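Every chain is named by a letter (A, B and C) in the order it is written, and numbering of its residues begins at 1.
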Amino acid sequence: MIALGREPGLEDLAERGRELHQFAAELYPICRSITGNGIRETLKKIQKHVPLEIHEVKSGTEVFDWEVPKEWNIRDAYIKDASGRRVVDFQEHTLHVLNYSLPIHTRLTLGELRQHLHTIPEHPDWIPYRTSYYKPDWGFCLTDKQLQALPEGEYEVSIDSTLEDGALSYGEYYLPGETGEEVLISVHACHPSLANDNLSGLAVATFLARLLTGKKLRYSYRFVFIPGTIGAITWLACNRDTAKHIRHGLVLTCIGDAGGFHYKKSRREDAEIDRVMAHVLRHSGEAAEILEFSPYGYDERQYCSPGFNLPVGCLMRSVWGTFPEYHTSADNLHFIQPEKLARSLHVCAEAVNVLENNRTYLNQSPFCEPQLGKRNLYRSTGGGSIHEEIHARLWVLNLSDGQHSLLDIAERSGLAFAVIDDARKVLCAGGLLQEAMATS
Amino acid sequence: MIALGREPGLEDLAERGRELHQFAAELYPICRSITGNGIRETLKKIQKHVPLEIHEVKSGTEVFDWEVPKEWNIRDAYIKDASGRRVVDFQEHTLHVLNYSLPIHTRLTLGELRQHLHTIPEHPDWIPYRTSYYKPDWGFCLTDKQLQALPEGEYEVSIDSTLEDGALSYGEYYLPGETGEEVLISVHACHPSLANDNLSGLAVATFLARLLTGKKLRYSYRFVFIPGTIGAITWLACNRDTAKHIRHGLVLTCIGDAGGFHYKKSRREDAEIDRVMAHVLRHSGEAAEILEFSPYGYDERQYCSPGFNLPVGCLMRSVWGTFPEYHTSADNLHFIQPEKLARSLHVCAEAVNVLENNRTYLNQSPFCEPQLGKRNLYRSTGGGSIHEEIHARLWVLNLSDGQHSLLDIAERSGLAFAVIDDARKVLCAGGLLQEAMATS
Amino acid sequence: MIALGREPGLEDLAERGRELHQFAAELYPICRSITGNGIRETLKKIQKHVPLEIHEVKSGTEVFDWEVPKEWNIRDAYIKDASGRRVVDFQEHTLHVLNYSLPIHTRLTLGELRQHLHTIPEHPDWIPYRTSYYKPDWGFCLTDKQLQALPEGEYEVSIDSTLEDGALSYGEYYLPGETGEEVLISVHACHPSLANDNLSGLAVATFLARLLTGKKLRYSYRFVFIPGTIGAITWLACNRDTAKHIRHGLVLTCIGDAGGFHYKKSRREDAEIDRVMAHVLRHSGEAAEILEFSPYGYDERQYCSPGFNLPVGCLMRSVWGTFPEYHTSADNLHFIQPEKLARSLHVCAEAVNVLENNRTYLNQSPFCEPQLGKRNLYRSTGGGSIHEEIHARLWVLNLSDGQHSLLDIAERSGLAFAVIDDARKVLCAGGLLQEAMATS
């Protein structure tokens, strides 16, 4: 079991990694889109782990500058050659159809068909992922090898899809804490068979939710599983009042591959979550880079739009668009690794731990150092070197003037938050420290 | 034609470079000083391009801690050897006479003459530039080769100059804009036959003035062509009220040589002009360095004196005093290059363009991203990479909260101001952006 | 004589170095501790140089969270072998006894004795320095070679010490200045025969006090010679009102060895003393490093506790705990060097000089540059390069707007404070500058 604020053992990581990967594998075959039964089925599978509430927002609903689109569902799609053989088959891979393709059933020459075919010539074995949500269109995605092998001639083309009034579905799991101040964890759940983007995020968010369930928490936690862009916009439009309670937030995506961590800061750039993530990643033992905010990427775009300006950053391993497998069939279950999923979950749990415990304290003996020795909090024979835990106690005592949070102290001392927090516990128990009255 | 805010074509640069260099060449032979007919003749030549107003301030006028000096004029000067041959001849080069030399006509032995002769032994072919504005003196400047070739014996020495009550002349060209807030462009016009310092500045300022003439401008522009130091002091003393309207300013000097750009910041260090120049130079495609303010250099010394503390920086290519040709006859018409003059003019035009357009806007659809696609401002098929102009639109939308100017947005995004400004135009046209009410 | 604010000559350094080292040598043999006659004798030797007041604080006095301990005195201590020969002898080195050892006189086998013996196996010729102030104990410190040479058998062990009600002694020297604002110089005086830590600090503080005596001073100076930790706590407890007057302070320790300087900043990190020391060390001509504050080290721990938060930093050469000789008999009179002691004294004098003279001035001719030439403060012939003293005058004039202290000007200009201060004097004498009215 990965606990909050504790370094997990290797066996825990391995076991948790297996569970996470298994859950991603379970979700992999489903053909998700921004609406439809694929995302509904996905949300139901998450419900087996946490009591997710599923919301349906009708097609045509105005959501700020946008409108909830018609619902898209697909049952089958193929291209058959002259012999009647399926040369491109949706049943083999959900990426084979242009996502949101209109229904069609016709016969076309290869020349006519070509303008509806998408491949990646530089990776001839990979199927690209393409969508056309807002421009009515149809098409197929296939490997370039498949395309090159197609002889001239006539083909039967069929997409058995529907685009009709319906609803946009999203899932929400609310874990109430001591206060109504909220931490938002948001993942997009609209990509079909793509593992890193974003089954990794779905799996880690689900298990993080499970991990927090039943814990005594200071903040309330809101996990949202939504279609990308239109889903975040819809959620914000339907939850403007709720959004006001968000104090910290994370978008999770691409966190299962072998790459080091990347944390993209919120638009505010110095929000507490930005400092927390920088701290946790610095002490994570993995390569990690902090990226400046930019107004493109994932749903932090919406949370960080100027009307909301929420303190929401984005945690990734490899950055979207920078790895060749991105938005192709090569982003498959082999591309994500159990241990990496588990370590990503651990980093999220660590961040929660810092958020939960980052309070400000007052040294009760602020004039000179208190005598730690008589409380058995020091060592009794002078002359040697003192250790990290003693340093941490001195730092906490020295900076606990009501102006510095524990995270401030961790940053200034260079010590890990957990070490500082341990010192805090010892000093509180010894009567040398008390929580400062909140003033904000 | 070099337009504001547009990258000039190579032919435009070449043509404009020829014109600038030709104008410098026209001014080169004139013997200028801080007063007298040389600077008057120079100002009249500028009047052929822009309707400069010429001001005369009488000798003896008190200007702050200084006094306008007597007017110096010179007609001829020479040293003749025993055979009556002019061995140093003012008619050959204006630098041959110590600027502001008192009149003299006498006969001296070489030994007596020597203390009045100035050379540069380490550059034996160059004539130094020397002045003695405030200590009555006379002298000749010559190449060290000339000096070494002088035989012992008696010489006839003649300086046909006058130092009498008269006036200090300066030129001013005021281009009114929509507001009374002013941009100051200041160049010193007192150096005799020295090309980079400062015919380059005179030429670029003249052509910049011509370029802005007839344009619809937000700011008013004031070009001043003045003698260095005493001219700037005189101008400030005569125009204390005008100085209060200066919002941005540039001193232009040494901007025709082959070196990269140097911009010396104003005393304020973070004035808008300082940020504008840093931005424009960063995107200029040339090597560029930003220098901290220091209280010596050119007339920014006066504009940035603590009583005024105006936001005036100094644009140079090679920095005065750091190149061997500085203040010698080697700073001639070969030392300045047509293309470099044209590119300097372009950088100034760019800076004007940023100043003119650096406003603050309000996103009219601030809750989540507006749907750019339905306005044909995005692309309709997802999955690919988005381009600079789309990025620019997203940045402008995201940061247009009334707190960020377009320059702020350009800096934070890393995009060129022109790209950001194009996005601004498109978004304004699309109804997604409006200028924020000025509040300062 | 090392004067304030002047670079000392080599002969001055040599002479002063000899005096400092000689004083350290005089103090070296005394067995000091945090209480007792050793520190009293030390304070009396300082009294020969400056009229130190010696204070006695009774054992049992409550000082914040601590209590003044019983007084420890020692006359003799030894370990005798079976033949009656002293194999470990306190008369040979004060470090041989565990500081604050309880009295004992008994016979023990080597096996029983061993748990009371301290050595440094990795430096077999050095005696360690060990203390046990707060845990009743006894013991001996010896070289590892001595230990290895001890045969099995029975030993006579004697420590002729007393631990009884008495007092904690400290010395204080107060030099009144024009204002009641104080500069604190604090050194610990409790270590026995250890030269760098802290006879170097004792010697430099004593000679600095002598140097300042009789000078006309702006600040009042308070030199305290105290036992480490408990002494600083006692002093602060007895002088809470006095502490309120401390504007700047330095703890001096380990400043006689051959290492470069280290200055550890105060908890405030940007206190004037922090900036002063950084400036002085940058211009000291020696290697120097600025260290961030941390809540362990010397008595700055107490002065910088959150209830006081005094602007007190710590000046060292080699940092305590980082050199192998630290807290061993190898920190002897050979480990400290006369010239290094003298240069440390000079750095302290320089810091005092900056503190004394760091005022804010007003340019009396703030509009444009005043004409320095007519006051013989410039040079009369233009065209050459200007020198450091002229630069300094221009900087002082330019930034003397009532917002910048001389230290601000020194830092922004990159010039040494002494050069800036010289310019200030010249400009004040010339009527161009006046001290700004203090407003804080």
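One rule holds in what follows: a residue touches a chain if its C-beta (ideal position, glycine included) is under 8 Å from a C-beta of that chain, and two chains touch if they have at least 3 such contacts.
From a predicted model like this one, the values you see are computed outputs, not experimental measurements.
Interface residue usage between chain A and chain B, two copies of one sequence, is largely distinct: under half of the residue numbers at the contact are used by both copies.
The two copies, chain A and chain C, are related by a rotation of 120°, based on C-alpha atoms and rounded to the nearest 5. Spacing of chain A relative to chain B, judged by their CA centroids, is 54 angstrom. Shared contact sites, meaning residues of chain A that touch two or more other chains, are absent. Of all residues in chain C, only 63-66, 128-135, 137, 229, 232-233, 236-237, 240, 267, 294-296, 301-302, 304-309, 321, 327 touch chain A in the complex they form. Across the interface of their complex, chain A is touched by residues 363, 365-371, 373-374, 380-383, 385-386, 391, 394-395, 397-401, 412-413 of chain B.
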